[in-house]
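You will see two complexes here that share subunit A, one where it goes with subunit B and one where it goes with subunit C.
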Partner chain A sequence: MAKAMKLRQQFPLVITLLLLTLFVFIPMISAFEYSIRTPLEGGYGWTHYLWAIREEEFFHYIFRSGWLAGVTVLITLIILVPTMTWLHVSKSPVRPVIDGISLLPLVIPVVAFAVGAQISFPEFVQNTVFELPFLYFVLSLPYAYRSLDIGLNSIPLKTITEAARSSGANWIKTISTVIIPVIRSSVMATIALTFALSIGEYTLTVLLHWDTFPTWVTYVAQDNILGAIAISMMSLIIPFLILTTITLFIPERSIQGRK
Partner chain B sequence: MLIVGYFFLFPIFRLVYVSFMSNEHTFTFSNFETAFKDPYRTGFLNSIKIGIFSAAIAAIPGAVAAYFIETRGSSKLRRTIAVMSGVLANTGGIPLAFMFYAALGIQGKLTQFIKFLGWDIYAGQFSLGSFVGLLIVYLYFQLPLMVIVFSPAIVSLRKEWSEAARNLGANQFNYWMRIGIPLLFPSFIASFLLLFASGFSAYATANALTVGNLPLTPLQIGGLLDGNVSASQLNLGKALGVVMIVISALAVIPYLVIQRRSARWQKL
Partner chain C sequence: MTSKNLSLNGIFKQFGNVRALDNFNLEVGVGELVALLGPSGCGKTTALRVVAGLEHQDSGKVLVGNQDISNIPAHKRNMGMVFQAYSLFPNLTVEENVAFGLQMRKISKPLRLKKAHQLLDLVGLDSQSKRFTHQLSGGQQQRVALARALAFEPEILLLDEPLSALDAQVRVNLREEIRRLQLSLGTTTLFVTHDQEEAMAISDRVGVMNQGVLEQIDTPDILYNKPASSFVAGFVGTMNKIPAFINDGFVEIFGEKVVALKQGNETGKVLALIRPEAIKVSTTGSKFNAKVLTRSFMGASSNVICQTSDGTIVQSLMTSAATGDLHPGSEVQLQILSKEVLVTNV
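So, the complex of A and B:
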């Protein structure tokens, strides 16, 4: 009886998941089928994947996109965690203003932002690839801010910081050894979001004339379309696997905050 | 804060400022006048249309999916879906274009399957670079986005409310008509507006799929910025950018207001 009830409850969920799966995987699998075709010999094989991995530029660009994304994550954490902790603890009147600013990137279409960036930075900024992480940071700001905000709201932040401070920890120590571990699930979510966003960013990068992994794929597509499909598949599946593993292995939030 | 100011606010102000400049650095409205004439006018209309349609089509299935996943799914499933939606909502550009060429292109798997069933979708005007084609492709990231932005609203629907309604004699239908839908409606509209902004400003995917046959504002700006398109007004691209910001702001600001308001009662 109870089992039948449960089945009835699960039924709409199963249908939903089934439809979503079809919707998501039909294009993905079709593309995958293309990527393992070997037109010369007929049949299937991993030719294009092997080809991609053998390309020198493959690792060059993966590495480049990887470290750009890494730097973006670092910038995001270094800037946001202390600032937001301070905002939450001090109950400063500027907080609503900053809340508002943090959401502004949602309003600004990336294309418009790229135009603005191109006309306003001096040469020496535009000539270094280091401008990208800062711009990626801006793009991911609304998501990163939100997820850290939720984390900080759910813990008794004031008590924790006061305890840490009165035990003799300075601010840096308080943040790195107390606050970050306590809100680790939202820190991890922030890392995942920021990383995914920066590694796949295309619009801003291409409009500012930089080359990263996503723009390289576009370039490859011009002369080896099947190889480019193979690379695209990897660029979708790999982050997905990494992020899923991360989220499934992090324990659920141990402190259930006030709702 | 300084970094945010320099890398974010400064470019935007500068963009607005420069958009009012003529080629000789004098103040002018002429950039905006051109921005509202063809082909740019068509670009805006198309962009707005694709924003509205893709949001409208994605909103309801996305909301329903979010509802079942949040209320019936296990915690592991919910987290996997969250990650997946995050990745999918960020897909775009060439990878997304490939997937749809493989599925719905002329030689695509799905195309052949539908043809097998007796309907040749390529018999008419259809192509992936057309408005309808682009619309279908946009759904691929709009739907996951809807799941992401709408899920928090579902979580805030308390079980107690449905139980209370049932105790007062309401059936499932009454509950939804009187409580569920009115409570979720503001968040639903808010999510819709956000989806609109996302479809309106998408660049990478449109760039990969169209070959200049469908005027869309983001593409026009990109073209002007790259210098592919000659324009007598140097700052036209900036004016287009400012108009985009205004349109997108008109959509997102109500979203933020609604979010704040519903956040207030969700805390009670």
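So, the complex of A and C:
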């Protein structure tokens, strides 16, 4: 009886999850199915995948986008973690203002960003691809900020920080050995979000005339749509495998259940 | 590292318009446990945080072993601190928490774990060393916090209301344990609390604070028996405030003349400050001057609350044996047992 009740209560949830799964996976499965078609011979095969990995540019661009995203993640963590820790610990009155500012990248059109960057960045920055990570950082700010904010709000940050300092840890040590490990899941979410947004960023990159993996895929798609889909599928699968491997190899330390 | 003496000289600290510390002076001797006691907002926690380096005073000096540490950052001060609650690092095990201070001092892992186990043994938690802190009870967590604060052999131990989040029984046990450890290690300790019983129970000296000023600092006995001000008298223990008339250095209370402890030679209306145990309630007297309102039985002693004929409420503490025949409504005679009383202006 109770079991039946429970099932009935969970019914809407199950339906929603099912719909969501279909919504996400049907297009992906369709794309995958499409990408392994071999129109000339008929049937299915790995032709386009083999073609893609034989392309030198495939690895060139995926590597480039990978390290750009990596640099963006580093910039995000180095700037945001200490700043937000300070905002939370000091209970600064500017915090609501900064909360608001962190949302601006969602409402400012990317074109405006690109133009702004062209105007304001010094020439030597504009001439290197390093301008991208800084702009990617701004674009992923709303997500990274929110995710860290949740983590920092969920712990007794002030007491823990003071306990670390009175135990002899300076600020760098406090952040690296106490705060980041304690909000680990929120830091991981920030890394994942920033990485994903940066590796897939297209509009800004194109506007600033840089070539990265997404712009190359678009270029390929102009005369080899099946190849482009194969490349996109791989760009989904490869990071997925990397992230899964990382998660499996980092030992999970239980930090929940705090009273 | 051995313990050192601590002194605060002329500390001022202001938050906005609120003066948290107003020319605050304090001396804590080597190996002494001094408690700062006071109502919330009196500045006691600020004083402790200034010592820890977590707040910086506007002016004045903090000296440890006669060395001025006013401009040394918190992490270099070598002070162990125990907070109210939730100060343990949730990502570390119990032993890693205790060893944290030693890790920051770059002590090798085997050495610091050995020291951590020694401390955990002292607080009776060595068997829990591999657990995570959320698996411990509140009392156990505070024991770990105490072990962590002591592991790196601090010059000064700072306790910021470490017992206030705990259950009554755990609180009493843990405060005894803090005192036992503090005495055996000889650590100079500053203890902040709003609980006077706690402060009186384990401290060598207690400082009573009010509005950023140290009103009186003395041994618990002196503080209780010879409070320097009416604020201290009212804050430490229970005190009856009985309207009386002062004349020629004497006050008349319940029809008896008693020496008034007061400077000057004035005449007029005052309040006499009398401890409940200095008032005797009896049914056998010749002139009844009060009525019993309630009697609360507390085991060996009982609390009797009476109302005098002029309406003053008086509280008396007597052995339960002597209060057996007191019932609400009984006509009684109140007598003062002490020969001298503190008085204060109305």
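What we mean here is this: the second predicted complex is superposed on the first by the 235 of 259 C-alpha atoms of A that agree within 3 Å, B and C clash if a C-alpha of one lies under 4 Å from a C-alpha of the other, contacts with A are read in each partner's own complex, and residues count from 1 in each chain.
As a working rule, contacts are C-beta pairs under 8 Å (C-beta built on N, C-alpha and C of every residue); 3 or more make two chains touch, one makes a residue touch a chain.
None of these values were measured; they are calculated from a predicted model.
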Who touches more of subunit A, subunit B or subunit C?
B
By the touch definition at the top of the document, which applies to A:155: first (subunit B), second (subunit C), both, or neither?
second
Mind working out whether A:23 is in touch with subunit B, subunit C, both or neither, as first, second, both or neither?
first
Looking at A:105 after the superposition, I want to know if it touches subunit B, subunit C, both of them or none. Which is it: first, second, both, neither?
first
Should A:132 be classified as contacting the first partner (subunit B), the second (subunit C), both, or neither?
neither
Is A:52 in contact with subunit B, with subunit C, with both, or with neither (first, second, both, neither)?
neither
With the two structures laid over each other on chain A, which partner does A:165 touch: subunit B (first), subunit C (second), both, or neither?
second
Just checking: does A:236 make contact with subunit B only, subunit C only, both, or neither of them? Give me first, second, both or neither.
first
On subunit A, what residues does subunit B touch that subunit C touches as well?
259
Subunit A partner, complex, touching residues on subunit B are 1, 3-4, 7-12, 14-15, 18, 61, 64-65, 68-69, 72-73, 75-76, 79-80, 82-84, 86-88, 90-95, 98-104, 108-110, 140, 143, 194, 197, 200-201, 203-204, 208, 217-218, 221-222, 225-226, 237-238, 240-242, 244-245, 248-249, 252-253, 256, 267
Contacting residues of subunit C [partner subunit A, same complex]
52-54, 73-81, 83-91, 100-101, 103-105, 132-135, 138, 145, 148-149, 152, 158
Residue positions on subunit A within touch of subunit C in the complex are 155-156, 159-160, 162-170, 173, 177-178, 181-182, 184, 253-259
Show which residues of subunit A lie in contact with subunit B when the two form their complex.
9-10, 12-13, 16-17, 19-20, 23-24, 26-31, 33-34, 75, 79, 83, 98, 100-101, 103-121, 131, 134-135, 137-138, 141, 192-193, 196-197, 200, 202-203, 206-207, 214, 217-218, 221, 228-229, 232-233, 235-236, 239-240, 243-244, 247-248, 252, 259
